[in-house]
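Dropping the structures in below, format is structure tokens.
Look for chain A in each of the two complexes below; its partner is chain B in the first and chain C in the second.
What follows is the complex of A and B.
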């Protein structure tokens, strides 16, 4: 009962927090100047027409001439009833625009998260148990490289090397052309096809590199913290193998703080990484959709696009808290 | 003939309105051609995939608000064409038939007779294109908002059809013939005529939206133009019929537009240019691929993933490889300049002294900037007209680059309130060193280069300066928008107001933030019809005279109007040459350079025109281009 009540309260809080975030977004959009209306007014002025009339038409067609409270109630009511309005920048309903875009984001985002979690934890744990070896130094190098290198620069360099240079490079008589990859994302290929998988390699590599570094550093630190603890020594004394000690004893307790990092890293990727990755690789995903919507002040689409990461982050934190209970039996929300 | 306020960078992704020719490096244009067999390396060597940095907003022929949309529409609709013979003077233009097979203007330049080509068919079952379609378009779409309180039609190009405050009258002469009468003489009307290039609509389609009024579209009240934009015949360009070289395949907004060859294209069966278009279009398909990040576009063309993309001068050399060819034309339309604030919140000597403004011209070595910014792919500008333009004067005043001469003119222009101290600093009336506030558009590297260079040069004449970087939007808002409300020393209504960017006389309306020099905002010089842009930017009550520039020496608005409405082309040329000469001497802004039109193409592209004049750009010769398709 206690756990259910806790979850119910957290879900209710998620709804309230989402409402607050959407309301703040709405206020910010209202306060910001509207470049589209200004452009329409300028165009009319240049044609000797009444710029005010053109500005008014532009705003009217987007429902922005209505009183603010009417707009606000309309948007909130629409969100509650799953009618998220019409996107003027995309010329389609908001839900359809988001529905079309998320597929493209998911194609690189999900593999990047999995790769960074698996890769980061694996390298981190291995480094921790093999300190001051070549493998440890190599792992640390990967970590610091990933953290230090800016995503946008790394992406551009990879495109230049793998996309351009490999096309006609020959090393020791060996042509690199078969290893070259497309320089930008094409929407022509089916989602589950080799060509699509190949063109996603560079975005996934760029996105996961930074994240791998974070996961690796934290998992190494956590593993080192527990490697010499009493319960690990006890396990070893009882004859547990190195592998069993690592997975069953060290990794399990380390997962509590690491899961916190995982959610934070995933959200960082979603919020920041996707804008950069999608712009550079020309992927028509949620990041570019949101950026276009903000640039064009497409209020319904901005709100819709804001809603998703806000909701994901709140629910993600909830699942993370619930995961603690499974990972560490000492944690209990029953009395909260 | 609209004029758009724009950043000086221009749209590098498309090659619209630009042409071919010599240029760059202060020398000849270089059309690279390969003589060895070319091996296709990627999809861009087979299909034609044009990279661009901006996507179209719409495919509606009546809702064109940007250059990118115009570029897409020419794939579907032909409009009319103008050509120029190789070696002909820049002003010597000829009509070349498209939808309109004949175009005749009388000797007084006031009556135009149009003949619509027979056999043109709209798609979506709208029948044959006839004179009625043109007339209905004019009367309902173009003139629909006149005499109405609100603008229920919402067509934004109407101003091009109003001359001297009066509309162009139209009358039908036959099924395929109609005539327009201009309220005043327009010697360069062939270039200006908006009807020649208009993307009209079928009469029957327009009828569906009568009476013109706001109607609900997607839950809000929308204009007729927006309503038409939602019409099923418009959304996927079903109107094309046999009217354009390509038909619609797919469009992913902000990503790419794919079109395929129109097998029924009418031009293939005509004798236009002696049957040169009999195989048109040569391409099976054409794709516009948008790139948010231009460097990805450059990589894509070098790898062969796309066929072409517009090029910045400073990127020309690194993109000139064995696999690519550079198209370089000096016939660019952009004139870059330093904006100078003539309003009372700017440095007083700028508005008070021509000599001080001329000192800036002496101070700046344009060729240094051209080398640093465009790697030589630009030409120095001396006035608001490119050197290749039809109205360029023969005897422009020049200002030799010289710190000494700049210093002398500053001294004689600023008067006794200013003097140099022992450290060669220019001391103002307040006893402090003169410190100018410079604003740059910091979204481009060009702005930073210009800003730093100007700062260094000002130091050499003892003037300190500060540089503030801002986005284009903020520059518009904080520095170009002017109003009396920003002026604490002025109370009351302004003597005149010409809109948000010229809210009144320079001593009354000012910007919210003070500035002296600004780089990053400019206009196309519109070389063939410059009257409108000159009027907007430099006349006392021009709507974009945010500079606050005024002069007693010449009535710019009157001179420009006289040039546009002269009784002969020679008279237009004389009046404009005089005006450009004045602007060169007066230096209301500091003229910097005209950029070349540059694009990089794959070596697999055949048919790139020689850049011999403004009207031979690759996009205007699209029907002649081929890949290895």
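What follows is the complex of A and C.
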């Protein structure tokens, strides 16, 4: 019993949740009209053939006219054995297409998360210890700005300013043209090159602005919670300086909840943010792959691309709960 | 005992049914008014749905659609359960108002939102639908304050690629934003509050099953679900609103549960239990009213996330093609950023300030309701 039992149960629950999530996608697929079949029927009708016949042929070719339980077992088996079907729009297996795409998402995503965590924690902790100062108001300004500004609009405004206006703007006799950045991603540059880094600046700025506000708010509330606790008072009484108290005493305790919030926040951003950022900056990552699959009515790829975030989310939640138990000895894991 | 003198006033003679009905004629009158409002709304909807032809206008030239009926229902609900209680409890309202008033930015935000709400709901009666102003001769007219050959006070904020007035697009977008914000929030706080309160009060297996469901719902990000469902079923504003409302209450549910767990142990709940109150009664009369502060704050902060979510969906092209969402207008202006930057910029400013204002009001409300924070 105790911790091992809790961990075992938590992992088992993750497996069950995965099974339920995959089943939900199956039910949705079966219950909804098949977009690919509709397209095939329309094409046949345009060519003067019987649309019903075409729809049936389309469904039979893909094994969608078999009894439901056979289809279900087949579907679950395919997902479990990593045979996720073939994407006709990408002309390769679904998993291979996903494997090729994630690198481009990670390129801007990882720097943005690191940057926002670093920036958010430092502003949050600092403003917590200097309440009602200019720095504090500046911090809450950033928080409101980051939470309220629509991602996609912010990206467009940055393109407008940096990509369009900078091209021929002149301030005090300085032409701003050299500061103008590429606004559309090109895959021609190697990953670790200055040009690639330059074209990733705008996506990283957009994503980290959205994320920094949340990190800042949470770290500020966490720090305020511990600011008057006994161990902080003791540290101060011993003569520790402000920064030492902040980093060695407050941040150390706050790190557990903060790191789990970072995971949750990062996941939420990954889902919605990647669609928007990759659509605007034309980055061929996971979000863009999903969008293309939807536009091409490539059902296996749509399902594959939606399952990836669901799996990541289940794993993220699992690690979050396990991290809590392993890192914080005060948590009682006995009865749940 | 003192009560012996007036037997009519004795404790054991009190008609508790009458007390429960609200202790006087005021509330039952109110109840009648509320029920009448629902019945009237339902009758109007039935008339529109069964009698009038599908495309024929309901009032004047305005054809009221499904989402707008739902919006009207939510507005009636809000009137009877937010506005009326505030007016009835004047002393409490005055107290909260004094707390709220300290935050000047929040006051400005509230004024901005009120103006926007009235323009959004009543504006379509004043300004024609964007599609009726299509005029390619005045396409890409800049806003009036920029000057230029095409600029005119007729279309103060300029026009888009088809010559539609940007102001009309903005007004119709306001309504979409308020519809998604208010309806989805109302749905999600109702479900979240009931589930959270029930889970906390019943405990045991009920709690376990409900919270496991919340876990599952949390693993399925609502944005992904929406993308998947609009892919399979096609987009409509009603579907988007319902999905947001029905699949994003897990945060409020958890919040209410943890709050209600504390309330469950309070003396008044134990007193009610001891007096033989049913479980439904305790939840309805004691637990939910006492977590309402948390719920109201969470609701105000949920509205902007729904508005942003719908705008993002519309921006990506998954929105309802028959509505003029701000996200859709911003997306349409993206290809003309070089030559006509105002098409994306101005609706975006409205969206930004709306979301900002809701966040300011929500934070000020939570400060006013719970000054500990």
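Definition applied: the second predicted complex is superposed on the first by the 291 of 336 C-alpha atoms of A that agree within 3 Å, B and C clash if a C-alpha of one lies under 4 Å from a C-alpha of the other, contacts with A are read in each partner's own complex, and residues count from 1 in each chain.
Here, a contact is a pair of C-beta atoms (placed from the backbone, for glycine too) under 8 Å apart; a residue touches a chain by one contact, two chains touch by 3 or more.
Quick caveat: nothing in here was measured; it's all calculated off a predicted structure.
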Side-by-side fit of chain B and chain C on chain A, or clash: clash
Kindly classify A:313 by the partners it touches after superposition: chain B alone (first), chain C alone (second), both, or neither? second
For A:60, using the defined touch cut-off, is the partner it touches chain B, chain C, both, or neither? Pick first, second, both or neither. first
Which of chain B and chain C A:240 touches, first, second, both or neither: neither
Now for A:147: first (chain B), second (chain C), both, or neither, which partner does it touch? second
In the superposed arrangement, does A:302 touch chain B (first), chain C (second), both or neither? second
In the overlay, answer first, second, both or neither for which of chain B and chain C A:39 touches. first
I'd like to know which partner A:160 touches here: chain B for first, chain C for second, both or neither. both
For A:284, select first, second, both or neither according to whether it touches chain B, chain C, the two together, or no partner. first
Report for A:322: first if it touches chain B alone, second if chain C alone, otherwise both or neither. neither
Overlap of chain B and chain C contacts on chain A, residues 33, 35, 156, 159-160, 164, 279-280
Which chain A residues qualify as touching chain C in the complex? 13, 17, 20-21, 24-25, 28-29, 32-33, 35, 144, 147-153, 156-157, 159-160, 164, 267-268, 271-272, 275-276, 279-280, 290-291, 294, 302, 306, 309-310, 313-314, 317
Write out the stretch or stretches of chain A touching chain B in their complex. 33, 35, 38-51, 53-54, 56-57, 60-63, 85-86, 88-91, 156, 159-160, 163-164, 167-168, 180, 182-184, 187, 278-282, 284, 288, 292
Seen from chain B, its contact residues with chain A in the complex are 2-5, 41-42, 58, 65, 145, 150-151, 154, 156-160, 162, 214, 217-223, 226, 252-256, 289-293, 295-297, 299-300, 302-305, 323, 473, 476-477, 499-500, 532, 536, 543-544
Residue numbers of chain C touching chain A in their complex, please. 212, 215-216, 218-221, 223-224, 227-229, 231-233, 304, 308-309, 311-312, 315-316, 327, 330-331, 334, 337-338, 341, 344-345, 348, 351-352, 355-356, 359-360
